[in-house]
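The structures come next, written out as structure tokens.
The same chain A turns up in both complexes below, where it pairs with chain B and then with chain C.
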Partner chain A sequence: MGLLHTVNKSPFESNTFDTCLGYALDGSTVLLIEDGVYAATIGTRASEKIQQKIQSNNDVSFAVLGPDLQARGLENKLADGIKVVDYEGFVNLVAEHDSVQSWL
Partner chain B sequence: MAIKKFMYTNRKAPYGTVYALESLEVVLIGAAFDQDVSLAFIGDGVYQLTKGQTTEAIGQKNFSPVYAALGDYDVNKIYIEKESLEERGLSLDDLQHLVWEDEDEDWAEKDSIRLVSRSELADVMTEQEIILSF
Partner chain C sequence: MKFSIQINEGPYQHQASDTAYQFAKAALAAGHEIFRVFFYHDGVNNATRLAVPPQDDRNVAKQWSELALENDLDMVVCIAAAQRRGIMDAAEAKRQGLDADNLMAGFRISGLGQLIEAGIESDRLIVFGA
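After this line comes the complex of A and B, so read on.
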């Protein structure tokens, strides 16, 4: 499989998320962690971009780290099409992909 | 001691960086000096006040319940920028309901949160004597 991309910055504070989307090719997964989880919440421009990406290329997957979403009180704001993973799931994603790009 | 108008501006999301917690600690320390305090939540700062924060799994202290105690320290002017909230797909219902008790009106419970537009908040900011940015 392709790359696992992790994004840990808020999409409102930095362009990391946008840059990452441009690099997410077939077989890759984008995992939102820490302040990156805000991109996974409904009613934001970032989550609209995720929906567009899913529609234009269903070979790119999106995931969000559940503990970081819970910490921020936003579990009930999760947008469609984004899988929630725990720390074990994070490890599995790392193992399943060829390599990891940790966008900072 | 002369009373001055203090504003703390909060623009960072909680937990990802230490700004939100540091700001809250400074506000609580400052509250001991009986100043005229306002808090402004702008941009990602509005995320500091979301309901239901549960931090056990990330191994960090959940400091969100402390905001509810601010009213007891006479910190009761809490400005939320409307544009920031809307851009994030949030409404006031997603945030904690913060109140204070008015000593001059038989301890009547009043809302601490004031939802204001960017231009309204700019006016309030202009009235301040000391602005601390987090």
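After this line comes the complex of A and C, so read on.
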């Protein structure tokens, strides 16, 4: 499979999420961790972009790190189409993809 | 699978060291091998044994140290980054004529070649940072 992209900044703080979306090709997964989980919350411009990306290219997947979502009280505000993973799931995503790009 | 981890952020700065630690634990639990953990830039501050966080808070340096000793991990601190920030093992402190050293057990100081080797020898290199 393609690349695993990790985004650890809030889309309200940094443009790494937008940059990452532009580079997310077929077979890749975007994993939102740390403050990056804010991009997965419903009703934000960032999660709208995720929906658009899924509709235009359904071979790009989105995941969010559950513990970081819970730490911010956002587990009930998760937008559609984003898979929740724990650290074990994070490890599996790293193993399943050819390489990891951390957008710092 | 063989993983290596690079950490570019110090403890209690934001979350990178904590995320990397949880990732390392999960990787070991899943039966993967960790070839090396490389501490770079402000990440070298994870290696001081003189940090005393409040008792009800996690001790990041100690967590890493215990994980390394329990699992025989190779944890390398970049020497140039460490010297700038006052992270010293006994030999380096002596060489620099300093009166103290502070490197936590389980860490060792070495050069960037160790990061390159980790990238070559591992199936995956994952970077955690600021």
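To be clear about the criterion, the second predicted complex is superposed on the first by the 104 of 104 C-alpha atoms of A that agree within 3 Å, B and C clash if a C-alpha of one lies under 4 Å from a C-alpha of the other, contacts with A are read in each partner's own complex, and residues count from 1 in each chain.
Heads up, the rule we're going with is that a contact is a pair of C-beta atoms (placed from the backbone, for glycine too) under 8 Å apart; a residue touches a chain by one contact, two chains touch by 3 or more.
Keep in mind that this is a model prediction, so the values were computed, not measured.
Trainee: After lining up the shared chain so the two structures overlap, which partner does A:F62 touch, if you call chain B first and chain C second: first, second, both or neither?
Mentor: neither
Trainee: With the two structures laid over each other on chain A, which partner does A:N92 touch: chain B (first), chain C (second), both, or neither?
Mentor: So A:N92 only meets chain C here.
Trainee: After the superposition on A, what does A:F17 contact: first (chain B), second (chain C), both or neither?
Mentor: Touch status of A:F17: no partner.
Trainee: Contact-wise, after the overlay, does A:N8 reach chain B, chain C, both or neither (first, second, both, neither)?
Mentor: both
Trainee: Once the shared chain is lined up, is A:L104 touching chain B (first), chain C (second), both, or neither of them?
Mentor: Second partner only, chain C.
Trainee: Should A:T44 be classified as contacting the first partner (chain B), the second (chain C), both, or neither?
Mentor: first
Trainee: Is A:R72 contacted by the first partner chain B, the second partner chain C, both or neither?
Mentor: first
Trainee: Touch test for A:E34: chain B only (first), chain C only (second), both, or neither?
Mentor: Both partners.
Trainee: In the three-chain superposition, say which chain, chain B or chain C, touches more residues of chain A.
Mentor: More residues of chain A are touched by B.
Trainee: Could you give the residue numbers on chain A that contact chain B in one complex and chain C in the other?
Mentor: Shared contact residues on chain A (touching chain B in one complex, chain C in the other): 8, 34-35, 67-68, 86-87.
Trainee: Given the complex with chain A, which residues does chain B contribute to the contact?
Mentor: The touching residues are 12-17, 43-44, 47, 50-55, 57-58, 60, 62, 64, 87-90, 94.
Trainee: Which bits of chain A are touching chain C when the two form their complex?
Mentor: 6, 8, 33-35, 65, 67-68, 86-88, 90-92, 94-95, 99-100, 102, 104
Trainee: For the complex, which residues does chain C have touching chain A?
Mentor: On the chain C side, the touching residues are 1, 3, 8, 14-16, 19, 22-23, 25-27, 29-30, 32, 124-130.
Trainee: Once bound in the complex, which stretches of chain A touch chain B?
Mentor: It is residues 8-10, 12-13, 34-35, 38, 41-45, 47, 66-68, 70-77, 86-87 of chain A that touch chain B.
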